[in-house]
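Take this structure first; my questions come after.
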Amino acid sequence: MPVAGNPYQDDRGNKDRSIANPQGAGEIVHRKGGKARPSEAGGAFLIGDAMTGGYGKGPDILHDCTIAVNQGEIAVIVGPNGAGKSTAMKAVFGMLDLRQGSVRLDGQDISDLSPQDRVVQGMGFVPQTNNIFTSMTVEENLEMGAFIRRDDFRETMAQVYDLFPILKEKRRQPAGELSGGQRQQVAVGRALMTKPKVLMLDEPTAGVSPIVMDELFDRIIEVARTGIPILMVEQNARQALEIADKGFVLVQGRNAYSGTGRDLLDDPEVRKSFLGG
Amino acid sequence: MSEPVKNTLLFLVVAVLIAIAGFMQSWNTALLILNMGLVSAIMAIGVNLQWGFAGLFNVGVMGFVALGGLAAVLVSMPPDPDAWRAGGVRVLIGLALGAATIIGAVLVYTRVKKGPLRAVGIVAILVGGFFIFRGVLDPGVDAVESVNPALSGYLGGLGLPVILSWPIGGLLAGGVAWLIGKTALGLRSDYLAIATLGIAEIIIAVLKNEDWLSRGVKNVVGIPRPVPYEIDLQNDPDFVSSAAGWGLDPVEASTLYVKLAYAGLFLVVLLVILWMAQMALKSPWGRMMRAIRDNEVAAEAMGKDVTRRHLQIFVLGSAVCGLAGAMLTTLDGQLTPGTYQPLRFTFLVWVMVIVGGSGNNFGAVLGGFLIWFLWVEVEPIGVYLMETITSGMAEGSALKSHLMGSAAHMRLFTMGLVLLLVLRFSPRGLIPEK
Amino acid sequence: MEFLNAFVALSNYVLIPGIAYGSQLALGALGVTLIYGILRFSNFAHGDTMAFGAMVTILVTWWMQAQGISFGVLPTALLALPFGILGTMVLLVVTDRVVYRFYRQQKAKPVILVIVSLGVMFIMNGIVRFIIGPDDQNFADGARFIISARDFKAWSGLDEGLALRTSQGITVITAVVVVVALFWFLNKTRTGKSMRAYSDNEDLALLSGINPERVVTYTWLIIAALTTVAGVLYGLDKSFKPFTYFQLLLPIFAAAIVGGLGSPLGAIAGGFVIAFSEVTITYAWKKVLGYLMPEGLEPDGLVQLLSTDYKFAVSFVILLIVLLFKPTGLFKGKSV
């Protein structure tokens, strides 16, 4: 974009690798966030309540959208392509500019916090792509997950290894050399290292084979059984709703249907429109 | 304030600045700034073609400018028949053998299937070719360089009018740019910056060391001029009398006349180049260049050969720099390879382009004049500043003499400061791209 | 005997200078590669930062010499080195706060930062010339040789004398210490790992609670140490002249790219590849061959492949060859 847009981001299409390194560059703008406030509003353990907003000054992508998960639950967000599923999750994580609505976690209003600060508040987030440090070993990935912790995290690491035995086996290998399913395990493991109050997964099964997908879902259920609530965006709506306690069907940034996973699977409307009959 | 008014005002400001130099210092100084500003503006257009319109990062401007300078020598200086007799032909044969070696290696690389045989073949051709090349070339070079080394010691040029060297300088620079671009832009990822940085140093090393070609650090002086000589004007009674009519003494009038003549010539070239650059960019070709710049993936999907387009504009931009280099050497009347320094000939041109406005030819021209004015005038201003600062200090104090002596280095500092300030507060430059 | 003489001559003129120069280039290239990996641009001000660090060290050295402080047989500059590093740290951190940080907040593209570094280069160049002037400065003192040619001849009975200058010895030892310390830091400490994580994946590092500003500050501090050490070692070994430091940019960039930009191990390998190619190709082999060739077959000429003035050409040709065959450099260049 030569004329419009941020002039500092105009590289004139330069692709010169001898002077510029695009690898690993980030997109999240580091901003100083506000503070968390106690909230009386109540509701679920983690709730993105009536969120309306979009990226920067761009148009609104979410319209009065509500996403919530309670302790001990798995909640999934499903919907057609471009429905704003990932956007809704990013909004909960603070990567979107909300114009209306609020995000509350464990009785605190965290709407003004920056994503980094939400991690400190106890949110674990696994992005859809680029969710591991490829050049670092599996163990180093987990260590980086525990970066904000100043206490002894060896116990948590042992728990992660129990959950994902293959990672223990490969702990000295660079994470970039692992297979797709194993990489996702590293990604989830890294997020678990903070001992989060809630885990958010953005399409954890994207691009893996069906067998690996089933295995990943099993692991996610196991994580949920340890007591961590899970909020997850999924492309594979049917499988996801089968393991979900709660489901949110989004269409064009709005809540279309909500209910328990079972209810949604049984709802003829939902089946017809989103689950292929 | 509308765009055209603002831009005209910016150019007026620069004109006034140069006029102030004329009143406060001398009109010779002012005209010299003007002439060098014209040359700088052309260089800036060249770099702007590459960076502004294609995002190519050329940090070897110095090399192309120096090639233009070499062209001025090779075209305009009279040939040295003794040197040619001594070893000219041998040198040419040596060079041809060197070129044949490289072409042979490239042919083997492209024609033979990958494997140990190819690697061995290439190494054998390169090593063998190198020794044959040196074996033929070296005696020829020695012979040429020993012919009257104090005054000549090189092959000389073609003895043609020096103005011819301007387009030829462009061709020479463009040719070398083609070779660089072919290699650096064709690599899997693009390494143009480091390639140009390296080639520029190599070109300067060749000019400094290949005495048979350019007399090296002994410099080539007395390059013929496209304009009259001062001394001839002073001896011309008509000129003296018309100078007197203006109230000028003949010596000053002749120097001004010569500089004005250069300014006229340079202005014509600048206008032609500027017109061509503007026309090219408004043409479908130019629109495609910008389409590639703004979205290479889409352009590639539409079947545009991006590498080819990049190569074209890289060659064109470098040729413009070569042309400016030939003009510069013509203006100086001498080729002094030792004076080619990257800060002055590469990075200063970059400052001109960025400050003027990347992607806008008029911006580049403005930047050329403005930055050159600052480059020249910061030094006297710095000295004046230091005199004011140190006026209270004891005469002969160490600090005072140090500060006075260092004032000259203020110009580098100032250039950096101007670049950073413009980048920060007016990142599109003084005359932004439309 | 002839073989030993040849080997001593080779050590004198190729091996020892090559190792010393290679160490200096490696330290420079490490800095370039770290900035490329973490700040994601090639820093054109690197050579001038080296000059600045060396300049501060030289000024402190002169002051120490004037105070009568000396380091015995070792150059006083080694005592002044920590002050030089400190001065450079202040300069770089201030530069980052005043200049670079704004562009990070804007999420500026790396190539914009390259242009910014051009401006910083001009300014640093101006500062160095303003303070110490553009001329050659000599600041080496202490013993000149660890092994002098005459002592060696007397000891070994060979025709050829081996000379090892103090500056060369110090260069190699210091470089090894610095490199080991750097690798330990990057691979074993929490902060070092966080720098690698940031280089690998900025967003994920942020999500892991790594503070980008801290990573960047640490990077500049390390760069300050690397550039100052490299600049002082080069100055002790050759001489200090601002323009020479600026010109070191090309071999340093070449070393970093040959090794694989972003790879610290590659930077070291690249430094030695470039240094040895330069030294071997521009060395006149007459003496060594004279010892090795049978009687009567000794070469007449200097047997110098290229004149020393073309040493930049050598760096460049090596670079080109490596890139043609391995576009990512010898050690697959990636994030640190």
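For clarity, chains are labelled A, B and C in written order, and residue numbers in each chain start from 1.
Everything below uses one rule, namely that a contact is a pair of C-beta atoms (placed from the backbone, for glycine too) under 8 Å apart; a residue touches a chain by one contact, two chains touch by 3 or more.
All figures in this text were calculated on a predicted structure; none of them were measured in a lab.
Taking the mean Cα position of each chain as its centre, B sits at the greatest distance from chain A. The chain pair A-B and the chain pair B-C differ in C-beta contact count, and the higher one is B-C. Each chain gets a centre from the mean of its Cα atoms; for chain A and chain C, those two points are 44 Å apart. Mean C-alpha position of chain A lies 54 Å from that of chain B.
Remark: chain B and chain C have CA centroids separated by 30 Å (rounded to whole angstrom). Among all residues of chain B, those that touch two or more other chains are 55, 57, 189, 191, 193-195, 427.
The residues of chain A that reach two or more other chains are 8, 11-12, 14, 16-19, listed in rising order. Listed for chain C are residues 42, 111-112, 114, 253, 257, each touching two or more other chains.
Contact residues on chain A toward chain B in their complex (touch as defined above): 1-3, 7-8, 11-19. Listed in rising order, the residues of chain C touching chain A in the complex are 36-37, 40-42, 103-114, 190, 193-194, 196-197, 199-213, 253, 257, 261-262, 334-336. Within the complex formed with chain B, the chain C residues making contact are 42, 99, 102, 111-112, 114-116, 118-127, 129-131, 133-134, 243, 246-247, 249-250, 253-254, 257, 305, 307, 309-310, 312-313, 315-316, 319-320, 323-324, 327. Listing the residues of chain B that touch chain A in their complex gives 51-52, 54-57, 189-195, 290, 292-296, 358-359, 427-428, 432-434.
Note for the complex: chain B touches chain C at residues 55, 57, 130, 183, 187-189, 191, 193-195, 197-199, 201-202, 205, 208-209, 341-343, 347, 350-351, 354, 405-406, 409-417, 419-420, 423-424, 427.
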